[in-house]
Amino acid sequence: MKDLAMTEMMTKEDVTAMILSAKKQAGMTWEEIAAKIDMSPVWTHSAAMGMNAFPAEKAKLMVSVMGLPQEAESVLAESPTKIWEQAVPTDPCIYRFYEIVGVYGPTLKALIQEKFGDGIMSAIDFDMSVTRIENPKGDRVKVEMSGKYLGYNSW
Amino acid sequence: MKDLAMTEMMTKEDVTAMILSAKKQAGMTWEEIAAKIDMSPVWTHSAAMGMNAFPAEKAKLMVSVMGLPQEAESVLAESPTKIWEQAVPTDPCIYRFYEIVGVYGPTLKALIQEKFGDGIMSAIDFDMSVTRIENPKGDRVKVEMSGKYLGYNSW
Amino acid sequence: MKDLAMTEMMTKEDVTAMILSAKKQAGMTWEEIAAKIDMSPVWTHSAAMGMNAFPAEKAKLMVSVMGLPQEAESVLAESPTKIWEQAVPTDPCIYRFYEIVGVYGPTLKALIQEKFGDGIMSAIDFDMSVTRIENPKGDRVKVEMSGKYLGYNSW
Amino acid sequence: MKDLAMTEMMTKEDVTAMILSAKKQAGMTWEEIAAKIDMSPVWTHSAAMGMNAFPAEKAKLMVSVMGLPQEAESVLAESPTKIWEQAVPTDPCIYRFYEIVGVYGPTLKALIQEKFGDGIMSAIDFDMSVTRIENPKGDRVKVEMSGKYLGYNSW
Amino acid sequence: MKDLAMTEMMTKEDVTAMILSAKKQAGMTWEEIAAKIDMSPVWTHSAAMGMNAFPAEKAKLMVSVMGLPQEAESVLAESPTKIWEQAVPTDPCIYRFYEIVGVYGPTLKALIQEKFGDGIMSAIDFDMSVTRIENPKGDRVKVEMSGKYLGYNSW
Amino acid sequence: MKDLAMTEMMTKEDVTAMILSAKKQAGMTWEEIAAKIDMSPVWTHSAAMGMNAFPAEKAKLMVSVMGLPQEAESVLAESPTKIWEQAVPTDPCIYRFYEIVGVYGPTLKALIQEKFGDGIMSAIDFDMSVTRIENPKGDRVKVEMSGKYLGYNSW
Amino acid sequence: MKDLAMTEMMTKEDVTAMILSAKKQAGMTWEEIAAKIDMSPVWTHSAAMGMNAFPAEKAKLMVSVMGLPQEAESVLAESPTKIWEQAVPTDPCIYRFYEIVGVYGPTLKALIQEKFGDGIMSAIDFDMSVTRIENPKGDRVKVEMSGKYLGYNSW
Amino acid sequence: MKDLAMTEMMTKEDVTAMILSAKKQAGMTWEEIAAKIDMSPVWTHSAAMGMNAFPAEKAKLMVSVMGLPQEAESVLAESPTKIWEQAVPTDPCIYRFYEIVGVYGPTLKALIQEKFGDGIMSAIDFDMSVTRIENPKGDRVKVEMSGKYLGYNSW
Amino acid sequence: MKDLAMTEMMTKEDVTAMILSAKKQAGMTWEEIAAKIDMSPVWTHSAAMGMNAFPAEKAKLMVSVMGLPQEAESVLAESPTKIWEQAVPTDPCIYRFYEIVGVYGPTLKALIQEKFGDGIMSAIDFDMSVTRIENPKGDRVKVEMSGKYLGYNSW
Amino acid sequence: MKDLAMTEMMTKEDVTAMILSAKKQAGMTWEEIAAKIDMSPVWTHSAAMGMNAFPAEKAKLMVSVMGLPQEAESVLAESPTKIWEQAVPTDPCIYRFYEIVGVYGPTLKALIQEKFGDGIMSAIDFDMSVTRIENPKGDRVKVEMSGKYLGYNSW
């Protein structure tokens, strides 16, 4: 099989590698890339990493902004299968967010129930931003998440 | 040993149970309790659950607001050992936040590095809020986190 | 602490035990209980097990139908924390459903995307039924699930 | 060994890759492919992914419909070893089904026992469909499973 | 709640303990108990351990043979939830069977497919026996399992 | 190192691949191969998969029966390291045997002790067969295992 | 059930606790206890911990040596279910042996095969001793294990 | 990078493969190799597998005895990172040693404490041998371990 | 058994609870307790938690300093079995040390080998201290560990 | 895709391999390399392994000191994602540090709280050294860690 003269399909991993290479060569930031395709930096990075699908017109724009091969357009638009290998992340920057979920998870649940009723915050109809807040005692990272409230159905 | 006439020490679990019972009887919300001790609802719930320590004057206030026995004051002020049993939480409301860390963890890391340099958002010098945002397509849960940026040391 | 003359709060586990006991003594089926509170058998069993919250009027009805103590009413209405101990269930009847998710999970995902776009079936705005289908080669279990389609947000 | 002039055998993974490539080039949906081989979309996708074996005549048809090399026919007909890597799936679309098994597994078991006796729903003599149900509040995903009831043997 | 004058329900664990106690006092073997209720020793032990449900008439017989309280009859007849705590058993006698599945699992699968087609041996419509085979080089344990062949459905 | 002109050693995986390829081309069953080397099908498949070592004369025979390169003879005779990747197997056909060990493991242990004393069934001095039993209600898979009884030593 | 006037059966855990208590009060060492029942210290400790069964006459002797209640005799003679909770032990003294198996396991296997053929050292027909070896550079712990060689069966 | 004309460094895995290949071609046993470098068979095998470092003069000798390339000498002398993949080994020959640690670990600990005090047997200042003991009832594997006693420090 | 008029033995957990209670009532710090028994604070806390054994004279002193019952003396002197439940600790203060081992473990190993040769730092012949270092940019925690170098044995 | 004439990006793994190769050829120690770039040996090794990012001027220096290709400079300066594969390390030298965290973790926490209040030692604003301490009873490894104290925020 490996010897068949078959064109292997381009994968999301291939396109991510191409984006990272082009980004480095162009010296662009994620914020700049996001601005060029008129999306937020969080969503743009996530989709470039292959964790979200580009809407058709954004895929087209991304190919042109980053100088990707034409075949990449349809790959960017494909629905990804979201896989993470580490149930508990080891990178300190990511672990701290895991820790926050461990420590404050029951609190988030209790306050959502107090304010809305029995339900959850959607992680699908969802958006997020990261901002730098200047502070004389040391600047702060601000993360804002917003997701649609979904109430449990009784039937 | 079990027969020794010794006073068993009150634990954080005991005090949490007393708070939940008093809260139910008084019909108070976390927001109301938080207001009475002049702290945020997120922190108040978390500390009441035994996941944070009450500063001395807040412990005193909490005992009086909730009608707890005097012995509870020092227990509220103790440093907790933060333990969660489930590496991957099963409750849907908490799992969604875990999922966000899985899907967007590398994105949070990339944007923090882009905006600050090589480092992390502290989960210790940290605060958080939960708000209800009205929205004609369905109200939204807004979660805002802010933590001090900590840059890696080189030495 | 254990010696304090404090009324321990009734828990969802307590109420589940009372329901199971009352059900056995009354010789009722889940279908009959569900009919009496005018809800579906799947939802009724699940809520009786403490995995869903009873809306206020259903909690009231349940207390009267099963002859539960008054205090149970507010407990039935509380939002549960949904916990399952076994990441991979061992009971053969439950394992078969786990196996179906393992074998057909990627298929469910592919067909949802083909029919709707990039998104998921909600497990919150969700309902389910179980039916017996007569069949000369052996009767069949029919399980029908329906959940609202939620499309991923791009922002 | 790696230098032996031996023909490596075509694997199910190879054939899956060929099917995905052909499907993309032809712009066909799973529903269309399924219709051409006169099987259901769920089964067709699952078998194309290498999670089910094609009956002889269906393997032949599939090779002709998708323009696969002749050698693929016998590979499609082989019994697969069904392996999934993630005991707890991370992709949100698949996870929601895992969550349903976690939350409603005991309920499915209780109702199967109430309607049939002590036994299970077979995951082998089994079929499933996915349908889009229009709904003014948002279209819904309907999943229907049906498996033969198998009663435990006493001996 | 713990103070409510409520009769706690007898559980399968309670009945198992009563059977083991009665068996020890009566000096009976599993083989003798099985003979008295006219079932096989494997099934009888398994059901006495709470891993299988007694058919109504066998439950009645068991209560009379072992001198159990009347309430035990309905408990013996309940469908059990089959739970084992150790994914990999540590007891050497049980581990050896786990090891056989690890070493010979793919072989069992290959030969079932060769003899029957694509399918499995049912673990539900299933029976098993254990026999002592005399052998001059050391007696041997013979384990015979038989389960209905179930072929995968294509639909 | 990778550039050294060194002959890489043939591995058991290599020989297994060669056997599977030769078996497919020759259209032989495991039963036929086993008959040609005068061993049982279970042992033959297992050894061909690299999970058992061929005695010298059987290795020679296997090479000739399957038309393997001469170097394969010594590889077939090597002691394998028996490794399985999945502590809990996912393939349904293999899982059912795992489930039987989970459900009936304590029963197997109890009956071996009743018939032999405190000890185990050897998984080393062991043999097994798989047979098809015709049955009007559906043919059955019969698996027979026999292992030497080993009593625990006291010293 | 908990209120039934039933004599709870004495368990191996109960007897272990009684032995440890009697040993402490009598100020005996394991070596002394072993000498009094004419068994080795390793086996005696292991059986006292409930990890091995006492032969009938040794159980009788143990009851008399340690001053245990009569009921303990039959409990000591029961076949234990050997369970250890930690797949990887944390106690440093036990972990070092686990580490030796990790580091030298493949070596033990290779040398057993070189000296005996394809097989294993039995852990059932097995004995072990622990000795103190005086050494000017620091005394040494000597552990000697001996188990019957068991060769794999080919059939 | 992959295209850089850089010499890849020889690894311990490379040297292990060369030793195994040379050993097979020369038809030597581990005992013979060990004799030629004047070390024990256990240590020699372990170091050849890359689990121990060769002292300088032994590395030199090994290169000459096995006919390895010169570069291998320094590789043999490097400190290895000792990694094993399986927390619970599956190979039956290695598993039996794991089982011994599980069953007799607490016994080894208790006897070391009785003979030496609170401490451990070193797995670093450690040696081991494997011997074949002839026995009319079946030859036995004898494993002798000796490690320096290390007492816990109090400070 | 539970009804036997037997004195239950005092455990290390019991004594730890008594120490914590006495410490709270007396308002002593660990530093003060350590000074009174003339040991370091790290060792004193660890031994009080039941993770180290008190030498005889220190056990005597501890009983007198903390006002413990006489029976506690021998319990403090017993060798503990060191168990921790969480392979990956969740408490942030402890996790940070786990993280340091994850990030810098290979570095610690490389530098120990560079300075000493192939070996390890003993965790048994070991001591540790914690100090507060004043610093205008924020005080620092200083942790100093020292353990005997142990070189691997070749034999 | 794999056939695209695209320059693959140099990774941190590539640069680590180049540094190790250059270090070996030059016969330098980590201490010497660290001195040449005027950083500590611990930090230098860690950054060379790809677990820390080089500040711009240090990356430049490293490239010149080790004779790396120019492209390596920017790679050395990139923020790494810190991943370790083994939740519990198996290498004995690294495991001992893991063991120290397991045994003394609660002690480190208790003493930090006693000296500072409720908080942690930062693993980010952190430094560490390894020293050889001569000692007539055997030289000792000294590890010194220092991290900024971070107090929990109440808000």
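Which chain is which? They are A, B, C, D, E, F, G, H, I and J, in the order written, and residues in each are numbered from 1.
Everything that follows uses one rule, which is that a residue touches a chain if its C-beta (ideal position, glycine included) is under 8 Å from a C-beta of that chain, and two chains touch if they have at least 3 such contacts.
Just so we're clear, the structure is a prediction, and the values are computed from it rather than from any experiment.
S.K.: Just to be sure I understand the contacts, which chains border both chain J and chain G?
M.R.: H, I
S.K.: Give the label of the chain whose average Cα location is farthest from that of chain J.
M.R.: Between chain J and every other chain, the largest centroid distance is to E.
S.K.: Any idea whether H-I or I-J has more C-beta pairs in contact?
M.R.: Result of the comparison of H-I and I-J: I-J.
S.K.: From the C-alpha centre of chain E to that of chain H, how far is it in Å?
M.R.: 43
S.K.: How many angstrom lie between the centres of chain E and chain I, each centre taken as the mean Cα position?
M.R.: One centre to the other, that is 47 Å.
S.K.: From the mean C-alpha coordinate of chain G to that of chain H, what's the distance rounded to whole Å?
M.R.: 26
S.K.: Let me have the rounded angstrom distance from the C-alpha centre of chain B over to the C-alpha centre of chain J, please.
M.R.: A distance of 32 Å separates the two centres.
S.K.: Which residue numbers or ranges of chain E touch two or more of the other chains?
M.R.: 8-9, 42, 81-82, 84, 87-88, 90-92, 99, 102-103, 106, 109, 113, 119-120, 122-126
S.K.: Can you list every touching chain pair?
M.R.: The list of touching pairs comes to A-B, A-C, A-D, A-I, A-J, B-C, B-D, B-I, B-J, C-D, C-E, C-F, D-E, D-F, E-F, E-G, E-H, F-G, F-H, G-H, G-I, G-J, H-I, H-J, I-J.
S.K.: Could you pull out which chain G residues touch chain E in their complex?
M.R.: These residues of chain G touch chain E: 1-4, 6-9, 74, 81-84, 87, 123-124.
S.K.: Spell out the residues on chain C that touch chain E in their complex, using ranges where they run on.
M.R.: 8-11, 14, 17-18, 20-21, 24, 69, 86, 88, 90-92
S.K.: If you look only at chain H, which of its residues touch chain G in the complex?
M.R.: Touching chain G from chain H are residues 29-31, 41-42, 45-46, 49, 51, 82, 84, 87-89, 91-94, 96-116, 119-123, 125-126, 128, 130-133, 135, 137-149.
S.K.: Using the touch definition up top, name the residues of chain B that touch chain D in the complex.
M.R.: Chain B reaches chain D through residues 88, 90, 92, 95, 99, 102-103.
S.K.: Looking at the complex, which residues from chain I come into contact with chain H?
M.R.: The touching residues are 39-40, 42-43, 47, 52-55, 58, 79, 81, 106, 109, 113, 117-120, 122, 124-127, 150-155.
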